[in-house]
Every structure is written in C-alpha cells, then in structure tokens.
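Paired with chain B in one complex and with chain C in the other, chain A is shared by the two complexes that follow.
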Partner chain A sequence: MLNYFLKRLFVMLLMIVLVSTMIFFLFRTMPGDPTAFVVDPSIPPEARQQLLERYGLDGSLWDQYKVFITDLARLDFGDSFFYNRPAIEIIQEKLAATLILMLTAMVFAYTMGIFGGAWMAWRRGSRLESLGITISLIFRSAPTFWVGLMMILLFSVRLAWFPAQGMRTAGTGGGTFAEMFLNLDFLRHLILPAIVAGMYFMATPMLIMRNSMLEVMSEDYIEMARAKGTKERHILYRHAARNALLPVVTAGALFIGASIGGQVLLEVVFSWPGLGREIVTAVTRHDYPLAQGCFIIISAMVMFMNLIADMLYAFLDPRISYN
Partner chain B sequence: MKRISQKKVWLAVMIAALMLFTACGDGSDDTEPTGSDIPDEEMGELVPDLTFLSSLPEANMVNYEMSQEVAEELQLLGVNAESQPMDFAVLLDVLYGDDSDYDAYTIGWSGRIERLDPDMFIHSINHSDNANPGGNNTNRYRNPEFDEIADAQRREMDIDARRELVFEAQRILAEDVPKITMYSRANMQTYNKELFEDVINIPGEGLFNEWTPFSIKPLTDETVLTVASNVNIDDMNPLSSISVYGWRNLRLIYDKLVRLSPTIEPEAWAAESWDVVDDTTIDVVLRQGMTFHDGEPVTVEDVKFSYELFIDENVEYFGSFLTPIDSIEITDDDTIRFNLVEPYAPFITNTLAQIPILPMHIWENIENPVQYTNEDAIGSGPFKLERFQTGEELVLSKFDDYFEPVHIDGYIFQIFASPEGVLTALELGNVHMVSYDLVPSHTEQIENNDGGRYDHLELTEGDDIGFFYIGMNLDRKPFDNKQFRIAMAHLVDYDLALDVHLNGYGARGGGGLTIVEANEFWHNPDVPIYDTYDPERAREILVEAGFTWDSEGRMRMPVE
Partner chain C sequence: MNIATLNKKGNSKSISRLFLKNLKYDKLALIGVVLLIFFIGVAVFSDGIAPHGPRDRHYDEEGSIRRLEPPSLEHPFGTTDVGRDIFSQVVLGTRTALTVGLLAAFLVTVVGSIVGIVAGYYGGWVDTVIMRVVDFFYAIPFIPFVIVLSAVLKPSIWNVILAVSLLSWRTVARLVRSQVLSIVERPFIKAGRVAGAGDLRLMIKYILPNVIPLILLEMAFMVNWAIAAEASIAFLGFGDPSVPSWGQILHIVFSTGNSRVAWWWITTPGVAIVLLLLSIFFVARALEEVVDPRLRRR
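Showing the complex of A and B:
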C-alpha cells in the first residue's frame, strides 16, 4: 500500500514537471508580450526594454526556462508582473475565497445530491422522481451566469434579502483571516453564489447516486432486508445508500481538485474575488508568473485528489487492494 | 439600412457607367476613371493589396465596423482591401514590433490628463525621431518641416509663443494627413446626486479625477464616498505602479508640487510658487507647514530625494518626463532648483504635475525600492491609506492635517468584475460614482430610467481628448502618396461612426486631426480639415493625382 502510494507520488512529481514545462512554453508562444499592458503603449522603446529586464524576460527562452524550473523546485513561482508581489501570495489570498465558495457549494450539492439521488431511486417511476431529475438537469444545463443574474435580480434587487455582489460590505473587514471570513457579513454574501453554484453541481452526484442505487437495490441483501421486515427508510439509508456511495466519492474528490479553478462566470457575476477571475486576467495581461502558478497548482490539485480518490477506494471497498 | 441602399445605388451607377464607357470606348470625360484609353501596360503598377488591422468586435465594436467600411469603400474604388480584426495585444505587437509589417490599422490614444499638454500628440506620435520600430510614430510620418516645429514647441517656455507653434503643427498635420481620426468618445459617467453634490467633470478623466475628491460634499450622513471600478489596480508603490487607476488613487495619497486645475492650467499645489529663471532653470518654492501622514514635516530634502529616486530607479512610466532633468539642488530652506539639459516646455504641466513627493525618512532605508510593496503607503496627500485588499477594494480616509481639507471622511475604491455588477450596485445605492466610462447600453438604460429606478443618478457627459483613428504605414505604397491619404479621408463616414455607432455620444473626427476640440486651449479651430464623407470627391482627388484604372477596373499608381 505504502509502496503504491510512493510510486504514485513519484509519477505525480514527474507529471508536474512535465505540465509546468508545457505551461511555460505555451505562455511564451502566446502572441503579444507583457509590456503591452503597461498602462498603454506610449512608453518609449528603451523603457519597454527596461521593463522586460525587470521582468526577467530579456534572456533567451532557455535561460528563462532554467530560472523558472530551479525556482519551481523551491516552490517559488516568481513575482507577479502586475501586482509586484510574489505570485504565491496572490494565489493564496484568492484560493481561500474560491475554496470557501466552492466547498460550500459542494456541501450543498452533495448533501442534496446524495439524499435526493437515493430517494429518487427508491421512488423510481414516480412523478416526483421525474420532477427531481428535470429540475436538477435544468440547473445543470442553464448557464450559471444567467441563473446568477436572475437570482441577483430576484433576491438582491427585488427582495433585498441578500447583497448583490462582493465578499463583504465595502469598507468593512480587515487583514486577518477571521476578520475576512469569520463573520456574518461574509456569510450573507456567501449564500447566494454558493446556492447558484450548488444547484449547478447538484445534478452530477444526484444522478450518479440514483444510478448506483438502482444497481444496489437489485442485490439480494436488500431483498433479504425487506423479507426481515426492516423499515423502508432503514433499508434505504442503512443498507442501500451506503453501498451506492462509492462512485459519488470519486466524483467528489475529483470535484475538489477541479474546483480550485473556480467558476469564472459566477465569480464575474457576483464580483467574487476568486482565483478563477484572477487566472483569466493574469492570462490576458500576460502576467506569466501568476498565470503559471495558478495552472501548476490546479494541475497538482487534480492529480493529488485523483490519488486520494484511489486510496479512499481501498478503504471503502475491501475488494480493491493495491498490493 | 440607409447606408446599404446608398451603396447599392452607387454600385448600380458604377456598373451603368462602366457599361456605357466600354460600349463607347471613348474617354472624353477625364474625371471618369474607367474609359481610359491608355493600354494597361503603360499605366503605373497596381495599387498593392491592403490589409486593415483592427479590433475584435467585443473589444471595440466601432473600430471593427469602421475598418470594414473603409475596406469596402476601397474595394469599390478597385483596390483589394480587407479588414482583419485581431486581439489588442497582438495588434500592439505588430505595430511596435521590429518588422513593422502592416499596411493600415485602427486604434486609439486614450485621453489621459498629461496628454492635455500637446507634446505627446504633437511630438511623440508624429516626430520622425520616433518613426523607427518600437517608436510611437507608427504611421512612419517624416516631414523635416514639421519636425522643426515639433522640436520648437517643446523648447518654447513661453506659453503663448508655444501655442502658436502648436497651431502651426496642427495646420501641417491637417494638410499632410498622416492618419485619419474617426471619432472621439464622450466620457459618459454617473454619480448619486441624492447623496453627494459638487462633482467636477474633467476632459479625458471624467468624474473620478484629481479634483472631485477635493470638491465633493455629502448631502446626508453618508460621508464616505464609494467609487466603483471595473478594472483592477496593481500596487501602492509609486515607483512600480503601472495601472491608470493605481495612479488615480496614488496621487490622492501622495502630494505633488503642481496640480493641473479643472480648467487644465498648472496650479502651484505643494509648491507655493515656481519661477522660470531661464529656459533651463526652474526654481520651486515649497509650501510651508505640510506634514506626512505619520506627522513628519515635508521638506525640500524630501522633494529632491523623490525626484532623484524616480530618476535613479529608471521608472519607465515617467521616463520621458524625467530625462530633461540634469540636476536638482537645494538653494535654501524652502527652494529647490531644477536644472534642465535643454528647454522642456511640458516641465511644469507634466513633470512637476506628475511626480509624487515621497517621505525620505521611509524610502531611504529601503533596499530595493521598486520591489517594495508599500502596503502602508505614507504620503502627504489629502487622503490616508487605510487598507488595500487586492482585487477587492482600496479604503482611504481623510487626512485632517492637510492644508486644503476635503469634505468627505474618506472614500472606498471598490473593484467589480463587470459593468453589470456596477450598475446593480448603483441602482441599489451601494456605490455612489463610477470611475470609468459607462458602456453605451448602460448609458441608455440610465437615461431611459424605466420606472424611476435611476432617479437618484445623474448622468454626466464629458469630452474626451483622446481619439480613435485609422493609421497608415507611410513607408508603404499607396500611403506614401499624400493625395491617396487625402482621398482616404473622404472614404471615412464620420457621421456613421458618431451617430450610429456611438449613439451620438462623442465627437467627429477628420483627416490629420490630432488635438481635438475638447482640448480647448491647444486645439487650432482655424485649420480646415478633411472631415466629410464623399467617395465621389475621393475619386476626383485620385484622378487628379494621376491614379488610373486598368481594363479590369483595378486602381493603379500614378506613373512616376
């Protein structure tokens, strides 16, 4: 088991180096250079040259790559061109905002999804089941930014229950984590985007759960439980649902990995200062260190959560073993 | 719709004329291009195929449309022309790249406040010194007579004499048409008139300028102004900040010797006065009794230190304003003398009005000033920095000891992800002013004011001193031919740009127009410019200039 884990970890590291290399060259083949975003192009050519030197972009591509990869080995992504601060600092700040939003959305989506999915399988063929599927699919297929806008229109503008955008009321909050995230104001701002995102994500766990429940329900031990006269609800949640959870766990683990990138459209609609928005602007601004850092962290997270999902399997299902 | 039918009529007339003349085979009317009896091989070479680089429609719809229009007009004249939209960054790369591989393009110059001084629009973008790859003269315009005047206005320290020179420069540009200005956009902005009053609107900057924070007064107990932005700001270090909005805030935290008044005249600010001793010597007397936000006094040493720091650290953003400085000396307790390498007319309006005064007692101890994050920026301006939350907000409070105290308790510069978000916040009363130009659909929405939703908002219109134009590569045929450029100026439908594409919010352009009317002091109103859309006239000009059309109807260059 440990052996397997270490082997996977090693492969993962190799993959990260490979991905980083690809990302590095991909950004440099992009047309345009970062000096184009310095206020506007009116700066004289000598000044552009100076700026390139300051950014470390004056050397050959190979030299730049060597610097990049040695820095990466020390987990240093370099300084963001735009913010003039270490890219990792910016990423940390934004990652917190994104993760809180996405994890809240995930808890919402997976709780609703797992219970709803199990229940729907149990009530297979009923009108309520098709209603549930339809609703979850509607939210899955509707563009999130549109749903977001409609929710803002209804709950913020018309009813004024929730704030329309941002992470906190302008001018409040402070520097520390507690001041920023552990307060009612933040919670009020979190609810609307989290629900919109949650509704969007809900269909996946719900339908997976439903399908896997249907499979489980045809098993003999369910029949057995029925024959024993166990209560319906007991059979549903104690016997069937627990065994049907496995595929949902995989989906969930992968979801966490992918969620780092955030929901760019939602972040834009709700002016949520998350990593997704930051990645988009970093790319358009040619802020290489920041953009590279974001993508490397995202790919590392996806790989890592994949590994976690695989390891979890061994615990959840005794038939799987990595020896 | 109207335009299309006009074109159809034009096309029909053309075809009819073509048929008529081929039938007659007699070119008696020399204003008509087709019927020429010169054999093709004796005509000049073909006018080369032309590509107009322009913006993606989502980036600038007007430029995108106008560029298509002009390409179509040229096609009707028998030139193979096409419009090629591209990403802004890529376009810049082409225009400023080493290869200079382009025929023509559409782009614009934004109307930043230092561009009210005519040096940028006269010298930087038209002087032949800047006509090499990487330079701002991307039209490759070279005219020794013009260069002389452009140099002279830069050296002329007397403002009236300088104005004459700038007027003369504009006359030459209008005649030579190195580029064709299509339109200027109006700065449409808005603020909450129920909560605040006394805003100032400045050409090129709009409402969130240098003066509104000084003049604005609260009408209710809401004493903190919230300003909405849809662009991010970078950092609080004056030596490294490179975003326009970073600077619009920094100049309120840091003070400057001179500020440009709302009517764009230099006004002594942190300076008590200045004196042009001779063309290359300027004495500045510092205002007494000023302090930094941490209580330390502002001294002439701080001023000298700041300017030298900017020079020593090679701050790119201000490079062109600082290179004219030869040395700075302190002549007495409150006087600083600037010695210039050569006379530099924009010294007061640009250099003194741009460089912030930094506290020496803080910055002299910093090892690498350009890399310093300056999270607790200490300046001597009217506002103190409370907090800068990257990508979210900048919170500033009133500095009580400032010599000209402001009327609000502070302001919050709040960053939104999209203009839609700002509009909602405006409607809900969460933000009180915008710092950027509203998108046209929002202007309309606020103006229509459905159901009185925007009753509390006042829409403001300001003229922009920037402009959008068609640039031409004068190193290439046919743009090296002045008459061709003049003809081109007749192919641009200026009214279409303004009335249709901009809904009337803006100003018309014209051939060679560089300093637009909004810049009242420097604009030369007496120069006739080519600013009418008249394809018929364009054709006449081309015929007079010796352009001919071959048997296939393709335009040919004049025989040399």
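Showing the complex of A and C:
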C-alpha cells in the first residue's frame, strides 16, 4: 500500500513537471511580443531592458525555462506582473477560498447524492423517482454560471436572502483564519455558491448510486435480510447502501477533474476570490507568472484528489490490494 | 461494455432500427428526438427565422432606444440595454452552438477512435506509449486549459473548436482502446489474419465496424461536452466576438451588470442551452440502451 502510494506520488510529480513545461511554452508562443504587455514598448530601450531583467524576461527561451523549472522546485512562480508581488503569495490567499467552496459543495453533493440515489433505487418505478432523475439531469445539463446568475437574481436581488458576491461584507473580517472563515458573515456568502455547485455535482453520485443500488438489491443477502424480518430502512442503509457505495467513490475520483471547470465559472459569477477567478483575470491581464502558477496549482490539486480517491477506494474495498 | 452483435459486417442498420423501435416506449427519448430536430431546424433556417440582425438597435415611435424592455409581441424575448432584439440573438446562437458541438465532437471522436484502435490493436509498447500520452492529457484540467488556450490564440470560432478538441479526445481514446482490446482476442480477427488481411485492413474492416456503436454514443456525449464548453468560453469573454452565441449573450448581460435587472435577458439563452443539452442527452441515453444490451433489462 505504502509502496503503491509512493509510486503514484512520484508519477504525480513527474506529471506536474510535464504540465508545467507545457504551460510555460504555451504562454511563450503567444502571438506578438509577450513582454509588450508587461513593459510599455514606447519607453527608452535601456529602461525597458532593466525592467525585462527584473521580471526575468531577458535571455533565451531555454535560459528562461531553466530558471522556471528550478524555481518550480521551490514553488516560486516568479513575481506577478499585475500585483508586483510573488505569485505564490497571491495563490496561497486564493487557494483556501477555492478549497472551502469546493469541499462544501462536494460534501453537500455527496450526502444528497448518496442518500437520494439509495432512496430512488428503493422507490424504483415511482413517479417521484422519475421526477428526481429529471431534476438532477436538468441541473447536470444547466451551465453552472447560468444557474448562478439565476440564483443571484432570485435569492439575492429579488428576495434579498443572501449576498450576491464576494466572500465577506466589505469592511468586516481580519487577517487571521478564524476572522476570515469562521463567522456567520462568511457562511451567508458561502451558501448560495455552494448550493449551486452542489446541485451541479449531485447528479453523478446520485445516478451511479441508484444504478449500483439496483444491482446490489438483487443479491441474495438482501433477500436473506428480508426473510429475517429486518426493518426496511435497516436493509436499505445498513445492508444495501454500504455495498453500493464503491462505484460512487471511483466515479467521484474521475469526476473531480471535470468539476474544476464548473468551479472556475462559479467563482467568476459570484466574485468568489478563489483560484478560478484569479486565473481568468490573470489571463486577461496577460499576467502569465500568476496564470501559470494558478494553472499548475489547480492541476496538482486535481491530481492529488484523484490520488486520495484511489487510496480511499482501496481502504473501502478490502478485496483490492495494490501490492 | 457488451456490443449487441459482434460480427465482421457493420451493424449500423440494426442499430438505427432498434433505436426507432425504442422510441415507441421511451417517452424521454422521443421528446429528445423531437427537440433535437426542432433545434436543428432553427439552426439551419436561423437567418429566415430571426426577424432582426443580432446587433440592430430598435427605436420606439418617439425615436428613443428601446432599452431593457421586457418581452412583448414585437420583441418576444425582450431587448438588451442598447435596444437589440434578444429573440434574434438566441435564434442565431443556435447555429453556433450546434456547429461547434458537431464539429468538435466529430474531430474528437475521429482522433480518439484512431488513437484507441491503434493502441488496442497493436498492444505492447505502442499501447504503453500511447496510454502514457493519454494519461498526460488526463492530468490537464479542462476549463483552465481552454481559457489559457483561447487567450493565447486569437478569438475565433475555429480556435474555440480547436481548444475544446485538444483535450477531449483522451476520453474517447481510452474507451475505444478498452473495447478494441477485447475484440482483438476474438476468433474472427485470427481468421482474417490467416486469410491474409493486413494490419490496416483488419483495423478498418474488422475492428472498426464493431466499435462504431460505442463511437457513435461517445460522439453524442461529446457534442454536449463541446456545446457546454463553448458556452463557458464565450461567457468568460474569450469567444469569437463577431459570432452570436448563447454564451456571448450571457457574457454581455453579466459584464454590463444587467443580470440583476433583466430576467428575460438571462433566462432565454440559458433555457436554450439546457433544452439542447437535455435533448441530446436523452437521445444518447436511448442510443446507449441499444448499444449496451445489459441496460435494456432495466
């Protein structure tokens, strides 16, 4: 198990280096002079040269790449052109916001999805079941950014129940973690985007749970439990649901990667100060040290979550061994 | 995944027959087909259906611009902040959505299928190398990559298609490969080889017909994927500004701050996206039942 984990970790690091290399060269193939966005082309050449040196933009592409890769090992992505601060500092600030929103949405989606899916399989063929399927499919098809816009219009503008944007009311909250995240104001800001993201994530675990429940429920041990006279609810959650969980976990691993996209768009819609919104603004500002950094951290995050899901899978199913 | 029938001859005819038979009792699939035909009709004849140009400004009798008017008989979906007809924009956006969806899905399935068939057929180190490349593409997060690429390339509809296709083939390649791996072991492949068929002939005439159902199914899902991706790119403002699209309408309403005022302006393009994606999904699901007989029992 540990061996497998270390091997996967090594492959992951290799992938991060490859992805970083790709993104480095992608930004350098931008049409036109990429430095023109950072350094005003009309200023005197000597001053321009000085600025280029400061941002590490002089020297050949290969020299720049060497510096980039060695800095990457120290998690140094260079200085952001826009903020004039190390990109990693900005990323650190945004990462927490992204993770909190994402994990809240995931927990919401998985709880609802697993219980809803189990329930739907139990009530198979009923009107409520097909209603449940249709609703979850509608939320799966609806672009998150559009659902977000509609929710803001309804719950923030019309009903004024929740704030429409940001992570906290202007002027409140301090620098420490507790002051930033552990208060009611933050919760009020979190609810709407978390629900929208959760509704979007929910369909996948719910439908998989339903299908695998249907499979499990035809097994002999369920029949046995029935024959013993066990309570229905008891059979549903203790006997059937436990064994049906496995495919939900595996599918979850693959799904995390896809969910990042929805997250990026939601952060833009809700002005959520996270990595997704930052990468969009950094790209429009041609602030590529920051955009590169965000991209690499997001890829690493996806890969790491996939790894955790794989480990969890082995932990849940004793039949699987990675040795 | 099982295939309904495994034989050397293609079975696309039996697929369409089974699919039509399914429509009789699968109400959702029927709704999907009807909706999809409707959308395709709108896309083909959009120039005739749209009453106005997407950027035309409209004035009332007194000569002032019809700003932010809710739906009326004249403008069934209302007007924008500069007096443009939203109905025309939504109608014209249908063509963009379907074009991007179909072209990208076609590109992705062709590339993915070729890669998958080659990897599965040759096996060995060819397979290992190709699958490592596929793994690499799986490590790249889709939307962030598409954002970066659309920003690096010039904003045009072709670059959007390229950006979407560049990563999506990985899913098709992986699925087709695993299917091919099981087909290569069947006796008729050996029979073909003994009869003197070359690698290329075996791949095209023997293997391809048997993965066609799976490829068709994946293509349907890819159309959805591409349409959603195009809408996202356009919404973020990285789309082609000269082509009217649903994502672009939502981009303008959001960036001008009118998404909090004009419900008619944000509702219609979003509903159009949802309906189109749902219709394709229902059709794909019905197709899946035909392709995978195990699902038919449920």
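We take it that the second predicted complex is superposed on the first by the 291 of 323 C-alpha atoms of A that agree within 3 Å, B and C clash if a C-alpha of one lies under 4 Å from a C-alpha of the other, contacts with A are read in each partner's own complex, and residues count from 1 in each chain.
Keep this in mind: contacts are C-beta pairs under 8 Å (C-beta built on N, C-alpha and C of every residue); 3 or more make two chains touch, one makes a residue touch a chain.
What you are looking at is a predicted structure, and each value in this text was computed from that prediction instead of being measured.
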Report task. Could you say whether A:I138 touches chain B, chain C, both of them, or neither, answering first, second, both or neither? Result -> second
Report task. Return first, second, both or neither, reflecting whether A:I191 touches chain B, chain C, both chains, or no partner chain. Result -> neither
Query raised in the report: Of the two partner chains, chain B (first) and chain C (second), which one does A:V157 touch, if any: first, second, both, or neither?
Result: both
Requested in this report: Mind working out whether A:M112 is in touch with chain B, chain C, both or neither, as first, second, both or neither?
Outcome: neither
Report task. Give one of first, second, both or neither to describe whether A:I222 is in contact with chain B, with chain C, with both, or with none. Result -> neither
Query raised in the report: So, does A:I308 touch the first partner chain B, the second partner chain C, both, or neither?
Result: neither
Requested in this report: Scan A:W146 for contacts with chain B and chain C and give back first, second, both or neither.
Outcome: second
Report task. Have a look at where A:L26 lands relative to chain B and chain C in the superposition and call it first, second, both or neither. Result -> second
Query raised in the report: Which of the two partners, first being chain B and second being chain C, lies in contact with A:V268: first, second, both, or neither?
Result: both
Report task. Jot down the residues of chain A that show up as touching in both complexes, chain B in one and chain C in the other. Result -> 31, 149, 152, 156-157, 164, 268-269, 284, 286
Query raised in the report: What residues on chain A touch chain B, complex-wise?
Result: 31-33, 36-48, 50-51, 54, 79, 82-85, 90, 93-94, 149, 152, 156-157, 160, 163-167, 170-171, 173-175, 267-273, 277-278, 281, 284, 286
Query raised in the report: Tell me, which parts of chain A touch chain C in their complex?
Result: 15-16, 18-19, 22-23, 26-27, 29-31, 137-138, 141-143, 145-147, 149-150, 152-153, 156-157, 164, 214, 257-258, 260-262, 264-265, 268-269, 276, 279-280, 283-284, 286, 291, 294-295, 298-299, 302-303
Requested in this report: Would you tell me which residues of chain C are touching chain A in their complex?
Outcome: 135-136, 138-145, 147-149, 151-152, 154, 224, 228-229, 231-232, 235-237, 250, 253-254, 259-261, 263, 266-267, 269-270, 273-274, 277-278, 281, 298
Report task. Could you pull out which chain B residues touch chain A in their complex? Result -> 87-90, 92-93, 95-96, 109-110, 112, 120, 124, 133-136, 224, 226, 232, 234-235, 237, 240-244, 314, 316-317, 319-320, 370-371, 373, 387, 389-393, 395, 412, 414-418, 420-421, 424-425, 427-428, 430-431
